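Okay, so subunit A shows up in both of these, paired with subunit B first and subunit C after.
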Partner chain A sequence: MIEEWNKVHVVYVPAMEKQAAASPDWAPGWCRLDSSSIALTFPLPIGPTPASVKTFFFPQPETLLTYTLENNHPDKGLMREPERSRDMQVVLGVRPCDARSVLLNNLPYQEDQFFQANRQRTALVGFSCDQTLSTCFCTRMGGSPLDSEGLDLALSRTEDGFLIEVCSEKGEALVADLELAPAPESDISALAARRNAGGNPSATELDSLKGSELGTLYDAPLWQSLGEACINCGACTFICPTCYCFDIQDEVVRGQGRRIRYWDSCMFPLYSLHTSGHNPRGQKVQRTRNRFLHKLKYFPDRFGPFSCVGCGRCVQDCPVNIDIREVMDDLIHLTAVE
Partner chain B sequence: MPTINKRISEEIRAQARKLLEEGEVAAVLGYGAGSLPMTVKPLVVRNPEDCSKLIWNTFCVLNLANYLPAALKSVEPPRGPRDPKPEGPLPKVAILVTGCWSRNIVVQIQEHQVARDRVVVMGVGSRGMVSRRKVAALFPGLEILAVKEGDHELVVQGADFAETINRWSVVRDNCQSCTHPDPVLVDVRIGEPVSERKNPNPFMQVDAIEQKTGDERWAWFTAEFATCIRCYACRNACPLCYCPTCFVDDAKPQWVGKSLDAVDTGLFHILRAYHCAGRCTDCGTCETVCPMGINMRMLTKKLNKDVLNLYNIEAGMEPDAPLPLTTYTMDDPEKFIATEVTPVPGAVKEGK
Partner chain C sequence: MISYMPYPVRIDDIVVETEDGNQKTFKLVFENEAHRKAWKHVPGQFAMLSLAGQGEIPIGIASSPTEEDHLLFTVNRAGKVTTALHQMNIGDRMGVRGPLGNGFPVDTEMKGKNVVIIAGGFAVTTLRATLISLLARRQEYGKITFIYGARTPGMLLYRDELQQWAQRGDIDLHVTIDREAPGWEGLVGFVPTIAGEVAPSPENSVALICGPPIMIKFTMPPLEAIGWTDDQVYLSLENRMKCGEGVCCHCNVGPTLVCKDGPVFTRGQVKQLPIEY
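Our next item is the complex of A and B:
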């Protein structure tokens, strides 16, 4: 199957080793399958892949426009849209949490032509999680380790192979020319039973935050100690599948310019610095608070769901062990006391 | 018999409580328990009853000196930027330190970031801190759910395994090559002093890179930093980095590009390392906190070697010693000054 896709599409799998160098079609944390590669297998870790799929939809950076500043050039100063690859890219090994993150990011990016173009040319082939890590909390955020939401093809392990669910038109196109055995009824019902056994995914425990007063959460005493411990690096925001903030800049090298959109982080003071010199989030504690309240209050107030899929990457990698699960517990406790 | 670190934890709690209760300090900087195995949280304790939260174990890898200037500020009575300093002595802060972190405080004192008389240094002789990453690497594909710590071994447990490993084998590289594990400043001694370690060559890792050819070194550098996501955890966890605006955050002018261009990333790391020359104590926090596992410590370690060779100085060993790179003496090495122009082989003049 992978072999067939690799002939016509660009195929990526999770990179488990440190990658050597960047090439133009390089996606950090993922490795592109070589067309000549014979071994068409890849290791898939338990829990989320090392890097999230954010990079395929929201590349770091995305070139929005290009221009030349060369004197005497007839096009000097004219902004042009760059040639964009329309090649289909297939991402293999996506976990349900990451698949869900694409749907969540799609809410603010509904009208963003770049995000939408990337969505159109990217197919996600996912694997449900038979095992989870102690840092996984997707069920708490309304997801499930067996979910197929957001995927184009969803693979679940059966006793003697994989059950493939076709979840979209893109997924249909991927399997159209393949000779696949029809799935036995027993496997289908077994998966449905496993899904039912997991219960209906809902973030009921957290839902109290949605109805709570913003002021209560905003003035919570926990931010002081969190802000004191936080070193305000951008690690959590960059590894997070649902952090989607960007900034735009022009870069000119030897007369050739490009306007890029690159990842920004609300942890950085520059993020909220005004031209006047005023910074509404000039203190560390304000920035730390903003990240959590954006995910758990501002985003759901605006769009409905929480902006977190419970992949646990930030829990694992935070240099000072700030754990969003503990933050949620504290906030729930606070609203319960109210 | 409780382990050494259990006894140290008890002693820390008792001493911290005493300092807070007697009003000697307004806050104690230490560690609390982390939510995952092999992690700790930095903790500022302000009430004697919270002292029971303080812990000490072999995973205390964050440099607390990084928090010291902010902690000192936080205990001062609030005042505006133009208001005069209040009269009388300002409240003190107690801080837990090992060898390298105490040397960071010395550097902070030398650089006027911290007033010596406002700090109560609680000194612990370091037995080397364990790298979480090294332990995880021994168990590929397995999740570690608990690690029990003995004095010389660790019991690593997962869902269906438990294995005992040697502690020193997973101690961080910087701790393994460290020669000054005992604090150079101590106001309150915790546990037993640790003697200086003999290490005929603490720069072995640097030497290995230096011995490569130019092309090999370039290959090492580009590969090592290729995965950097520019989160700046290395910078933000470092007690040496306290500029109000870092050069990478400057917007007018902007010195460094903002995306993941290898040139920008390389520039950031090299400049960051050079800013630490003569000041770095090889505490290893930068390397420890990197979410991508980049070995940026090799750059600062190389500069530590150069400063030692050129000026015979190791950062932060003596509070009264001059800072090597802000002091000029007549016999400073001057080998970098070119007295004649030597043509660079292969260089082509531009514009011809």
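Our next item is the complex of A and C:
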């Protein structure tokens, strides 16, 4: 199956080891299968892949436009549409949490032509999670380890192979020419039963944050201690599948320029610094609060769902052990007291 | 769809507005007639001025939609892009992306009402756009009061127009400078003091106030003392911006995006927000 896809599409799988950043098909944390690969297999870690799939929809950098600054060139300074790849890319090994993150990011990027073009040309092939990590909390955020939401093909392990669910037209196209055996009824009903058994009791508990007053959450005492601990390294924001902010800069090399956008982080003082020197979020406690409230209050106020899928990457990788689950517990407690 | 692609424009004229040379007004004309026709803005909106090799900056549109053949932007030299812009010449090419943001409610809440415009320093730009718009449809509004202050006579923007407005007779114009200056025969005093003396009636009125935060802070008490409410007063916020389209998140003030939900807010709305601006 993978072999067939690899003949016509660009196929990515989770990287086994750290790749060279200079690779032409660079997608951090993912490696491109090359056609000469002998073994078309890849290891899939328990829990989320090391890097999220946002790199395929919101790559960094992404060229927004190009121009020349050559003197006497008639088009000097004229901005042009960039050349963009139209190749279909197939991403293998996507976990349900990451698949859901694409749908969440799609809300602010609904009108963004770059994000939408990347969505058009990307197919996600996901694997449900038979095991989860202690840092996983997708069920708390309204997801499930067995979810197929946001995927084009969803694979679940059965006793003697995989059950493939076709979830979209793109997924349909991926399996159209393959000779696959129809799934036995027993496998389908077994998966449905597992899904039903899951449930997500704590989703409603978190929903109390949505109805709560901004002032109560904004003035919560925990920000002070959390802000003290946070070193504003920004790691959580870059590894987060649902952090989506960006910076835009111009780069000129030998008279040829481009305007690029790339991942930014609200953890950095420069993020909000005015030219005058005034900084509305000049203190790190303000920046720490901004990240959590954006996910748990600002985003849901605007779009509905929380901007978090519970992948737990930030819990795993925070150098000072800040845990968003504890932040949520604290805020829920605070609103309950109120 | 958002493309982040600016319209190509040429600099048609540059006016040095202030004695320190730090404020210049750039008159921009579209290179493409179709772009000129597509451009529709309301006073109070802003646009990204786009310089190849330098980047983009959000600047309030100083021209009125009624000035159809060009756009005006008055730019304070402050950072990288504005410094580069100040070095550009008539005839040079640049880009404009927009219009962005919401603008003042000239066609809704302001219709049929008395309008009080209070400006301090170079924040007068979008209020100039507003005044020109109101004057083009003068009969649709009640009394227009325009209070504008700068540090010195030489720091006032749009001086020729101020003189024309003074002679019209259908604007209650109060131009003031902070301290006595040789040759200045007009008002002397800070904007809040002058606003208190003018004491515009809140009856069937709206106020638009743009200026340094300290000016806005001290202008409110004298207005409140004579009955102005928070929902009659419109302010314009500024924050660092990148996309200007509500995507990149940079300009958020708590849950609010200045670029998309604003930059114009009522004072009542601003009071609901955390102080992140």
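To be clear about the criterion, the second predicted complex is superposed on the first by the 334 of 338 C-alpha atoms of A that agree within 3 Å, B and C clash if a C-alpha of one lies under 4 Å from a C-alpha of the other, contacts with A are read in each partner's own complex, and residues count from 1 in each chain.
Following the convention adopted for this analysis, contacts are C-beta pairs under 8 Å (C-beta built on N, C-alpha and C of every residue); 3 or more make two chains touch, one makes a residue touch a chain.
Here the structure is a predicted model, which is why all the values come from computation and not from measurement.
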item	value
Fit or clash - subunit C, subunit B, common subunit A	fit
Vertex subunit A angle, Cα centres of subunit C and subunit B, expressed to the nearest 10 degrees	90
Partner chain(s) touched by A:218 [first = subunit B, second = subunit C, both, neither]	second
Touched partner set for A:273, first subunit B, second subunit C, both or neither	both
Touching partner for A:321 - first (subunit B), second (subunit C), both, neither	first
Contacts of A:135 with subunit B and subunit C, given as first, second, both or neither	first
First (subunit B), second (subunit C), both or neither touched by A:260	first
Which superposed partner A:107 touches (first subunit B, second subunit C, both, neither)	neither
Which superposed partner A:246 touches (first subunit B, second subunit C, both, neither)	second
Nearest Cα pair across subunit B and subunit C, whole Å	6
Set of subunit A residues, in rising order, touched by both subunit B and subunit C	247, 249, 273
Contact footprint of subunit C on subunit A as seen in their complex	64-65, 67, 69, 76-79, 81, 108-109, 111-113, 116, 214, 218, 244-250, 252, 257, 259, 261, 264, 266, 271-276, 280-281, 286, 290, 293-294, 297-298, 301-302
Residue numbers on subunit B that touch subunit A, as the complex places them	34-36, 39-44, 62, 66-67, 70-71, 74, 141, 143, 145, 222-223, 226-227, 229-233, 235-237, 245, 249, 251, 257-260, 262, 288-289, 291, 293
Subunit C residues touching subunit A - in the complex, by the definition given at the top	1-6, 8, 50-56, 78-79, 82, 92-95, 238-240, 242-243, 245-250, 252-255, 272, 274-277
Subunit B partner contacts - residues on subunit A that touch it in the complex	18-22, 28-29, 43, 45-47, 60-61, 133-135, 225, 228-229, 231-235, 237-239, 247, 249, 251, 260, 262, 265, 268-270, 273, 284, 315-317, 319-323, 325-326
